[in-house]
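Heads up, the next two complexes both have chain A, just with different partners, chain B and then chain C.
Let's turn to the complex of A and B:
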């Protein structure tokens, strides 16, 4: 931005210090289409805004007070946390085992890795339909097979407990491949000399994994867990198609509840307040996880 | 030696079994799409049947799913063109910023990536309604560009970081302007990365559901919304929606084959690399 510009043909053609201009277009879009709507949502959350009738009154923190005093909010939050925690733990354990298996395998790794990755990039709505045809009562693949083996199948999507199991399995089906991919990439970065030294000391397969490899990719593990937790917390597509929160509210997560408030009951103000509360929950989660990494690994990035 | 061979083989069988279970829903969906309803509803499930492609024809041509494919194509290609252009510029700018400033911006972007999308979808809808933009392409494209920006910038930055800064400096000494350094020096080097980023943005835009559900209408409905709304009254419903689902998945399978070497970089490192 100093006057070192021999040819003045607009800001981009200055010689030095013009790097920040490259950030401008993206910055304008992010400010206008992301930060501004976010601020607007916060503003709306302070109103009793009914989209159907169009009535809109400023009520301060009224929506928040109402939500925090509402049993349905707490139930939904607890249910979401339970589903997310179960799903992500399952994905991590399974993902680690498969990634380590791939790491030790000496042939066919690339083909397997590619094939097992498909569920993760299939359109989530389509993935949910595929799963519906597996789990739906009577005609689904699982029920059909169980019936043909003479076992009376539970109603996987209609029974509250089984529906929650199915939802966790659905999430695991879609996102274990992501865990595998990241953890496999991580395992491959572990220092080879360290592994050889441990093997000479007679470390077994599992000692090697848990005492040598996992500690050295700890920052990556925390990071991928954080990403998965946050993504799982806001996940919507699969649930919307697979169970739509049902039966009753057995699988209704906080995102589905927000959607229902805003677009079915048209209580936009209250829905925005719920969205802000979700953001606060997620931010707290991230803050805790980042602290966990940074306390020990200064400069992990 | 033989023991090692046996353990490798059993490991392979175990992992192949896991892969097979993983692919079962997809394969089953494909089988449903080429079954007559009488086979699709059979208990116990039928694995041997006379295949038919009539439902693929019916759903894509007669039920008008080609129209939604067109909408999806317009919206995702529009998104990719805008998002990758401005995202690449931003990533280049970031790669040349000083460490502290760029780290701040990157954390900000990461935070934006983590916003609950529903919290953005509500104000988007209210604003689009006020501006009369519901059921138009621009509203949907703008929304997708914004939510894809953090990912695009992170991914592209990874490619720019690998470019040696001496190249820029020597170009500057030779009298290149800031824009010329970007367009003539940096861009050609990261061109492979540009393709990878474009394809991943395309995938994100093509798969997106929540914003499409809220912002699109009868004229602009994308494939995920169309198939999610597709009604179940029809007796042939299963076969038809399975045929639609398989058709929606097809470009993604092609995408996966095309990108297999970059899958790790795009998904793992794009999300994780600092």
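Let's turn to the complex of A and C:
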């Protein structure tokens, strides 16, 4: 292989320079709307910044130490992980079943896809208000229906167990369509020759799904789970409207705690520290998930 | 005549300066921004503000109280020049004033005293809105919690309205059934739960704080008071831990609860056939043993507003004029003497006598700038006690320790 002459190398190098120019606008936007706020939040987290008392002293990692020794932090973190895991698992299982059903369907797929996606495009607060009127005790839609059938309804939002179930169902109702859409698109990318070969070998519907199709779309599964995990960890609007963290602290998550710190107690520094800790937790969770899914493949990510 | 020399440098300079100059002028004469909590009476005042001065545009943003406070806190803590007019209550304004976010109104009050008949406001109404002798809020409503009860159910059972909280508990028990709760209970954190706990703590316990701002809500008497609250919730409507004023009002209107404590501003809606199934069946008396929460709403001017303060004051004062308050009299208790003493209004609004009697026996929230913040973790603990996550004593002791730490961090107990 002959080396390129300087004359021929010139335009190539100039082109490489041009790539950076193409990246510049998005880089500027990302820095402005993501990296700068993140850096500023981290900077604030190192301060005892309290809007109530007006103080803003540098305290290093003081806020982090205080939070890590705070019972409320650990309780809300564990509760968040439990709610997120339950909700995302439910969404994935439901999403996969429906996506596979759609994949095998021979007509009406587009219409069904569109209809099922509707909950996902409703603004979360509006969706939460709908759900509140549906699940509220005695005069809510579900309670009203159950009473009309002679069944006395449970207290969906007032009983700790039911409140958690309702919150998970609410999240699943809104975000399962996203899973369906992505998984359905993924299933359609699986190589037809593999499927046909498996069918010739006598593979049934479930064998096809679990042994041919799912392994083929594993990167997509990791992607969709990671996106939903990150998103579900930020679960706030629905919870705030549906239960406000109650009854007691049954549905109080880490985002509700962050909100309380920032806007109720006005402890902005501590709230920023909690935000950074949440980011670390989510990153760890996603890293663990990727490691579990790709545990046998070195350097997959 | 010496002409104006136009060269490339001058044109460039003008082009650069124009946005700043025009922007400043546009901002000064631009739309006036108002942020407020939302309920029918405040919607009326917002409408009056929008039409207060012909040619002056007022954008009124009304939202739930938490959101309004959140937005105002973010804007004012960053010294933003919007909003210009901010809703305030007797508990929220103190922290804002302490941080220097509101402008004192005394000079404007003196200037517009005659034009807007400001002497019509009783001193007792203005007092909660003063800080270190200066007035910061122009009051629009006086509000008090009253005892709402179903006269038909009481008559059928041969009962009379309760005189004590103990009688109230017994009545709640006797009226309780799966289809209709014995009482409403509004324990959604934070504000609704503060209101309800306020009544029990002050009527049966030792209140929120002692004179040195040390917690008094965990004394043996106060613990017993919250135990009574917990006991009463056994007869409350479903979902009471997430119920605020709206949910409690609807529970009464939809005939799913028999009685309970609610704000006077909700009374008129009980007789609205479009919303209520119990028109003319609700009566009102002062809360048993008094000491229920009294409060009020008003509007303040941001210290960072670039708008003309006289224009802002005129907008606020126009919305709270006698004429405006008379129109809204069914939705609130007007804070003006001339309207409070008006027999015609009292006749037209059958809840007025009970509201005024409740006001006489009621009690304001502690005048502590940090009270709203403290309410966050105290109500959280109270709810843990009520729902059985912790014992009531353990919950209140924990809340007291958290309060001491918080107030110490804010310079108390030196």
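Criterion: the second predicted complex is superposed on the first by the 259 of 301 C-alpha atoms of A that agree within 3 Å, B and C clash if a C-alpha of one lies under 4 Å from a C-alpha of the other, contacts with A are read in each partner's own complex, and residues count from 1 in each chain.
Please note the rule applied: contacts are C-beta pairs under 8 Å (C-beta built on N, C-alpha and C of every residue); 3 or more make two chains touch, one makes a residue touch a chain.
Every value quoted in this text rests on a predicted model; they were computed, and no experiment measured them.
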Which of chain B and chain C A:62 touches, first, second, both or neither: neither
Partner chain(s) touched by A:138 [first = chain B, second = chain C, both, neither]: both
Chain B versus chain C as contact partner of A:160, first or second or both or neither: second
Touched partner set for A:230, first chain B, second chain C, both or neither: first
First, second, both or neither for A:152, with chain B first and chain C second: second
Chain B versus chain C as contact partner of A:129, first or second or both or neither: first
Per-residue touch tally on chain A - higher for chain B or for chain C: B
Contacts of A:247 with chain B and chain C, given as first, second, both or neither: second
First (chain B), second (chain C), both or neither touched by A:266: second
Touching partner for A:51 - first (chain B), second (chain C), both, neither: both
Shared chain A surface residues [contacts with chain B and with chain C]: 51, 138-139, 143, 147, 263
Chain A - residues contacting chain C, complex: 50-54, 136-139, 143, 147, 152-153, 155-158, 160, 242-250, 252, 260, 263-266
Chain B-facing residues of chain A, complex: 7, 9, 12-16, 18-23, 25-27, 29-30, 33-34, 37-38, 40-41, 44, 51, 98, 101-102, 104-108, 110, 112-127, 129-131, 133-134, 138-139, 141, 143-145, 147-148, 173, 176-178, 181-182, 184-185, 220, 223-224, 227, 230, 233-234, 236-237, 240-241, 255, 258-259, 262-263, 268, 271-272, 275-276, 278-279, 282-283, 286, 300-301
List of chain C residues in touch with chain A within their complex: 66, 69-70, 73-74, 77, 95, 99, 178-179, 181, 187-190, 237-242, 247, 250-251, 254, 256, 369-370, 372-373, 375-377, 380, 383-384, 386-389, 406, 409-411
Residues of chain B defined as touching chain A within the complex: 8, 11-12, 14-16, 18-19, 22-26, 28-29, 32, 40-45, 85-87, 89-90, 92-94, 96-97, 103, 105, 111-112, 114-127, 142-143, 145-147, 149, 153, 172, 177-179, 182, 203, 206-207, 209-210, 213-214, 223-225, 227-228, 238, 241-242, 245, 248-249, 252-253, 255-256, 260, 263-264, 267-269, 271-272, 274
